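Across the two complexes that follow, chain A remains constant while its partner is chain B and subsequently chain C.
Let's turn to the complex of A and B:
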């Protein structure tokens, strides 16, 4: 009877090590198929508030991290012509630094913002204004 | 060879060292903001607006400011149509001052728009003058709404607030009850300290 023998060193070197490195890389770097286009996320909370920004999933954490954050403000009293105005997070009284942690249990949905959406157009215009962070 | 020493083949040592280096690199990439941002610039670049899109934002902002201006002047005009308790000359004076204030607010708002777009002194003044001329009294009511960039939206929101305050203040003044007439000066009242020649009868040269 033929017996199969497993070379543990071979398995460790060519299977387990690449798998571990791949898993770590996947946490740090997004899939190459999505490279080259901006991935702006909309995080919709249970209380109705929506935040837009660059999402970073923190593994094994109860929170997600959103950077370069924008949100909607009631603009019905203004003459913008829309019921909502876009505001960049950071100008509040406590002047939060970039990076916002949001508890996962408060999130209703996470969606990717369309590349032709008014939100991304407004953010893209904001980045072109002199002195505005890109 | 010393007794109890662990002997590792050279290739194994090289493999372990390479593994440790890769692991450290991954940790640095994951933790260091600079390294993470360098990767993000390639994998998740930031979209910036084209010049045409920026022009659209500028025009939409100017029109929004203009709508706020016209809303305020319209409210003022509606109040002027009423029969007011104050004298017509006083009402005209209040309305003229309010209109000048509103034009000033629009001027400042357009200056803020220009400076947010990166214009500086000589070009900024030329831009504001040209924009004011172009806006005139047009209402731009049929504009397709544009979601403004946050900084431009802030200019519009601030201007709207100031337009409303100026208009409300003028309307309050226009619609207030006329103040009680001052007591009729009696002929025995002492001359005004201002020394006006038409002060009171008792101050007349005839010296009654």
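Let's turn to the complex of A and C:
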């Protein structure tokens, strides 16, 4: 009776390596529809708060990282004349540095911010203010 | 011999590379939803319910494509505008979300299939872009 033997080097070279390369390429190369556009994510939390910014998954951890973060504020206190009040995180009393670590189990949902959305327009207006980080 | 030792492994490797790329990029780490109905109701930990195509992805998130939700309308104190409910497609919010939601598994209470005859499923089928 003939015994099946697996050539591990062959499997590694022609099965496992291409599978890993294909998956990594798909993760690393952004979809063509997003080329040339800023990808902002909306992170909606279980407590009702929403944060907008650049999302980065932290692999093998229970958190995500959000950078260049904006959140809603009472519109009456803003200066850019938009009906929507957004502020950039960092100006609070404790002056946090850029980069929020958000626990994944406190997130309700994550969505992509639309290119024509009022939120993106308000963020663009915030960035035009003198002294605002670009 | 050349075909077997050189060409065939290269073809296999190319097919696996393409398949792996497609699995991650186009199928977005989802398995085919065999035996499920067209639309599902996803109940979340904060009490919200979303309707749409539910995909059980590999990894920490599930995905809801073209989500809808029920919006309360009317005013209890206004007889001309009595309270009611309507199904709304997500997308007209201030951040104009783009057609799909990623939801951490920990925020999902449970998922139910919608019957094709349900008013919500029929509305979604008619309204979908």
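Assume the second predicted complex is superposed on the first by the 98 of 134 C-alpha atoms of A that agree within 3 Å, B and C clash if a C-alpha of one lies under 4 Å from a C-alpha of the other, contacts with A are read in each partner's own complex, and residues count from 1 in each chain.
Here is the rule we go by: contacts are C-beta pairs under 8 Å (C-beta built on N, C-alpha and C of every residue); 3 or more make two chains touch, one makes a residue touch a chain.
These figures come from a predicted structure and were not determined experimentally.
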Fill in the blank from the handout: Across chain A, the partner (chain B or chain C) reaching more residues is B
Problem - Partner chain in contact with A:27 - chain B first, chain C second, else both or neither - result: both
Problem - Partner chain in contact with A:14 - chain B first, chain C second, else both or neither - result: second
Exercise for the section: Return first, second, both or neither, reflecting whether A:52 touches chain B, chain C, both chains, or no partner chain. Expected result: second
Practice task
May I ask you to decide whether A:119 touches chain B, chain C, both, or neither, giving the answer as first, second, both or neither?
Solution key: both
Handout entry: Touched partner set for A:109, first chain B, second chain C, both or neither
Key = second
Problem - Residues on chain A lying within both footprints (that of chain B and that of chain C) - result: 13, 17, 21, 25, 27, 84, 115, 118-120
Problem - Interface residues, chain A side, partner chain B - complex - result: 13, 17, 21, 24-25, 27-30, 32, 34-39, 54, 68, 70, 75, 77-82, 84-88, 115, 118-130, 132, 134
Problem - Parts of chain B lying in touch with chain A, wherever the complex brings them together - result: 15, 19, 22-23, 26, 29-30, 36, 39-40, 42-49, 53-54, 57, 60, 64-65, 67-68, 71, 116-118, 143, 145-154, 156-157, 160
Fill in the blank from the handout: Counting only contacts in the complex, chain A reaches chain C at residues 10, 13-15, 17-23, 25-27, 31, 42, 46, 48, 50, 52, 84, 104-105, 107-120
Practice task
Could you pull out which chain C residues touch chain A in their complex?
Solution key: 9-10, 12-14, 16-25, 44-46, 48, 60-61, 91, 94-98, 100-104, 106-107
